[in-house]
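You will see two complexes here that share chain A, one where it goes with chain B and one where it goes with chain C.
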Partner chain A sequence: MPAPQCASCHKARAALRRPCSGQALCGTCFCAAFEAEVLHTVVAGRLLPGAVVAVGASGGKDSTVLAHVLRELAPRLGISLQLVAVDEGIGGYRDAALAAVRRQAARWELPLTVVAYEDLFGGWTMDAVARSTAGSGRSRSCCTFCGVLRRRALEEGARLVGATHVVTGHNADDMAETVLMNFLRGDAGRLARGGGLGSPGEGGALPRCRPLQLASQKEVVLYAHFRRLDYFSEECVYAPEAFRGHARHLLKLLEAARPSAVLDLVHSAERLALAPAARPPPPGACSRCGALASRALCQACALLDGLDRGRPRLAIGKGRRGRDEGGTPREPGRVRTPVPEAVPTF
Partner chain B sequence: MAAPLSVEVEFGGGAELLFDGVKKHQVTLPGQKEPWDIRNLLVWIKKNLLKERPELFMQGDSVRPGILVLINDADWELLGELDYQLQDQDSVLFISTLHGHQMGS
Partner chain C sequence: MCQVGEDYGEPTSVGPPPPPPRPGCELKCVKCKEGLPVVVIRVGDAFCRNCFKAFYVHKFRAMLGKNRLIFPGEKVLLAWSGGPSSSSMVWQVLEGLSRDSAKRLRFVPGVIYIDEGAVCGQSPEDRAQTLVEVKRILQTVGFPWHLIALEEVFSLPPSVLRYFAQEPTGTEGAYKAAVDSFLQQQHAPAQGEEQLTEPGTQGLQTPAGPPTAAQTEARPPTAAQTEALSRLFDSVKTLTAKEELLQTLRTHLILHVARTHGYSKVMTGDSCTRLAIKLMTSLALGRGAFLAWDTGFSDERHGDVVVVRPLRDHTLKEVAFYNRLFGVPSVFTPAIDTKAPEKASIHRLMEAFMLKLQAQFPSTVSTVYRTSEKLLKAPRDSSAGVPAGPRCLLCMCTLDIDTADSATAFGAQTSHLSQMPPPTPPAKALTAPCCSAGEGRPQGCCQVAGPCGREDPRACIIEQLCYGCRVNMKDLPSLDPLPPYIRAEAQLRRQRAWVSQEIQEYLIESSDEEAHAGES
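Right after this comes the complex of A and B.
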């Protein structure tokens, strides 16, 4: 059967059906709608004229699309862009991805800063963390470390380049997976804070925006296809064992049955309110680096602390996070983060 | 009775790694009794092109969820998915969306 006509221009044949509305659009109209949505999201995220925006760039499909669209919109928004790439120290994977980012930075003529875990986190690369955490649990826990440390590394890189905002390429699928993961782990703290999808500028951190958060992963891939964008598409060597894989698998099955399920999950999380008894106490500041923390140490400091003491699972799992033990560590796991002027009160 | 067909089969987004890293394949499908729809094309691909780990490309008689299928640059959802009847000189593109990492929750 032939494809229906585009519901927007009524001239071209439709190339896809948007999951959120079911509307059939041709390639050109879809790209226009995609870009309009990104514009709407960044305006709502208050990326105002004069903003210096650090773009988390991994060379992958999401950050490639993100940087491409923001570059097109930058003159209209009056913002300037800085690419920030994180080198986690994963041999064979990250080197190739960074090469892709460097090519993109050259092609787009955008400044690029690379920040490495090894420099920021006392010599710890992800390969070293993986060796340290191997065999200490059922599923690979090094990915949990990476998620926390990457977020911190991006923050550091953003400060280095004088950014006022940080943007990342999280798409609707990523957000929906995060919601599922927080439910599956019983993470009341994150669920209480808008389902774990974050709020701007917590604990002295730079405001964050996710311009692609309304776009499903499928749409991001199709946009990259229609715009002929080149990106790095190999899987991180540790990813097959990450917990997120389970949430992703479930989400794919749900999406096949009901295409709007991805966005619906995100909207549900935004509207979530926990029962009073379940609400965790308001978070304070990390005693080592001053970042937002619900315990004495923030997650990054607690994880690094555990690694340095040879007890990597110290900060993973309920009930034993960040608790100081007797005896001083050889090299305290400390994140070199500038302490914010004032500890925020909540 | 289906006549022989010449189609272009392309793989992207990492899917090419299952096909010896080759992205574009110019394919001649032989004349046969059954029609050349996508369902039968997948069987042919699995038998003749797929080099490793079929479970990463296919699930049952369809593609694994997360693999997008574009026929002549249009989402196969609009064209009947597995039942779409291939025409001579059609282009079928399989893009994998299953890779990479997330930036932490």
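Right after this comes the complex of A and C.
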């Protein structure tokens, strides 16, 4: 049976069915539609002309597609791009990924800046952190450290290149997994904060935007396929057996039962209305580094503080007792709801 | 193993018998410290029979007492499916009404049973068999009852889908006043009242409205209706959409019965476990804006009839144990997803996932449930000024689709695009560019399509739906088999919108709000 006609241009043979709608499209039309949708998201995410945009580049499929699409759209949007890559210091994994980023930057002629954990965080690389946390039992908390520190490193890198905005390659699947996870662990604060297309940049942090937020992972991979993008697709050596795995598995099943489930979840996340009491208190500034923080220390400083004091699990996990021992006294008035006995630690 | 046991000298191990005394001697009920525990609800909390009953009953009454929503003397319709949870609820009400006067529940109950056999693959004989069983239980319960076949949806009036504002009843003060006046009334003819409740079974024939109606409505549906119903459900492509459609139709039927017989509250038997599953399911179906309506204690989306969920503090496990220990009768009927594989629908998937996770992490359900209590019914950033936006035709929630919010518009747009029926290219050719290019204005083409939509009833219905219902309707290739009241109401609403649009230019606007209100 020959492939059906493209539903958009009615000329070429269709080369794929769009995962979200089931439409049969040819490669060109799909790429055009994909780019139009990203443009739509970006415009709604308020990337203004004249903005200097730092693209968080990991070398993986999402950031590769993001950088490619934004490069296509940059003249129309009137923005200039800066690639910012973070070197977490993970032996045998990051070097290869960074090589991919370097190749991309050279091919697209985009300026690339690499910031390393080692330089930013007083010599801590992820490998060192992993060794330190392994002593305290579960090594899967690696991703907690890495995630927090990477966010900080990206922000630092963006400032370094004089960026006015930060964009990341989070796709719809990531968003959907996150909202499922937040419900399963009862994180009302994050639910209240989540949704939307990023943050407008409160308290001195750079405005963030997730242009791929409405594109499902399948579409991202399809786009990379049709544009013949070269990306790095290995999993991190510390990739966790964490709770996200449950959510991811569920999401895959849901998507199989109903292809639009991913977008439906994103829609739900955007429309959640939480009681004012559940919303997190207005963020303050970290007493050590001045970054955005909801407590006395920002999470990055709290984690580094724990690492430096040889108690890496201080700032994560249950009962954060002793976290502020050496630091500033704990903020009064912030009442933590008691954690029931068997909440899984993710 | 046997050999090892023999090696270690049987006589010694038999002498002091370790296994038998464990349950009886060491463990006592955690509440009264003396009773023999029969059920462990949470880890380490073993209850004796009486304490478990007190605990269970207290939870039910506390849920009603805490919320103060049901006024004394109010007519309450109990939605009974025959399953364990709703049976337990009916039983609680029955016991609550027969208690001594101080603690007695003071509302006037009725029971509704909806016979869904036609869509759950039951043969006419099976259905008759089930109905016999259902009637037997209803007779022992003795409340006025309404037996309705799902086929009745084909004779519903369009007004079911309308919102009827409820006169504000006030708060605390009003409730107290109502209770006081009720008690005063009670005191005068105290004896007479006793008699009125006691012959509940005969009461079936005597009072005017409900019982006779119940008898007439219990008539078997016509074969044509049954066929129309199964044609409707057969045309739905996915089990997910079937389950949602069934739930929608069921809600409409219950609402209709409640309205015609003057019930102002409907009680459903959703347990905490069920609600946690429902919450996650709704989330995955794109109903994020309505989670608080779908799972909260009270659901006022219909205005005059409020849905109440008094069992929402009970876990499914507690319900099951209570029903077993105290012999609560229930009827087993196959549901629409019975025997369906786990991956067949979002509902089934989510149920399996939650129960599996609950087995691993025993606080999963309660965590989700407690999070649901922090949700608000108002839309995310609504000014309180405009409560009466247009409502979804099917689920009757305030529409969550607008052009302002980019991501939502985008989501709606994609679902809209794929709904564009391919067989009508010429008519759509003009509007198509605006849709496919559609940067940020997906709704724009709908408005353009206003006049031409008159011959396209599908677009007419779709544009009046919320996000979640739109996604569901994608799985219906044709909306023709839908019951007539849905199409009729859609037409009606559209005409009203059309007319108000016509007069729009002659209106002198003083603010933006009025323009919004005019659309509805």
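For this structure, a couple of remarks:
Note that in this section the second predicted complex is superposed on the first by the 296 of 346 C-alpha atoms of A that agree within 3 Å, B and C clash if a C-alpha of one lies under 4 Å from a C-alpha of the other, contacts with A are read in each partner's own complex, and residues count from 1 in each chain.
Quick note on the criterion: a residue touches a chain if its C-beta (ideal position, glycine included) is under 8 Å from a C-beta of that chain, and two chains touch if they have at least 3 such contacts.
Keep in mind it's a predicted model, so treat the numbers as computed, not measured.
Looking at the shared chain after the overlay, A:Ser294 reaches neither chain B nor chain C.
By the touch criterion defined above, A:Ser80 reaches neither chain B nor chain C.
Of the two partner chains placed around the shared chain by superposition, chain C is the only one that A:Asp264 touches, whereas chain B remains out of contact.
Look at A:Leu16: by the touch rule set out above, it reaches chain B but stays clear of chain C. With both structures placed on the common chain, the touch criterion links A:Ala7 to chain C but leaves chain B unconnected. Contact with both chain B and chain C is seen for A:Leu253 once the two complexes are overlaid on the shared chain. Once the two complexes are overlaid on the shared chain, A:His40 sits against chain C while remaining clear of chain B. In the superposition on chain A, A:Leu180 makes contact with chain C only, not with chain B.
In the three-chain superposition model, chain A touches both chain B and chain C at residues 196, 253, 256.
If you check the complex, the residues on chain A that touch chain B are 1-4, 13-17, 24, 27, 56, 58, 60-62, 143, 146-148, 150-151, 154, 168-170, 174, 177-178, 181-182, 190, 196, 217-218, 221-222, 225-226, 233-236, 239, 242, 244, 248, 252-253, 255-256. Only residues 7-8, 20-23, 33, 36-37, 39-41, 43-45, 179-180, 183-188, 191, 196-197, 213-214, 246, 250, 253-254, 256-258, 260-261, 263-275, 277-278, 340-344 of chain A touch chain C when the two sit together in their complex. Taken in their complex, chain C has these residues touching chain A: 238, 240, 279-280, 282-289, 291-292, 343-346, 349-350, 353, 357, 360-364, 366-368, 370-371, 374-380, 400, 405-408, 410-411, 414-415, 417-418, 422, 436-437, 439-440, 467-468, 471, 474.
Residues 12-14, 17, 65-66, 68, 70, 73-75, 77-80, 84, 93, 95-105 of chain B are the ones that touch chain A when the two sit in their complex.
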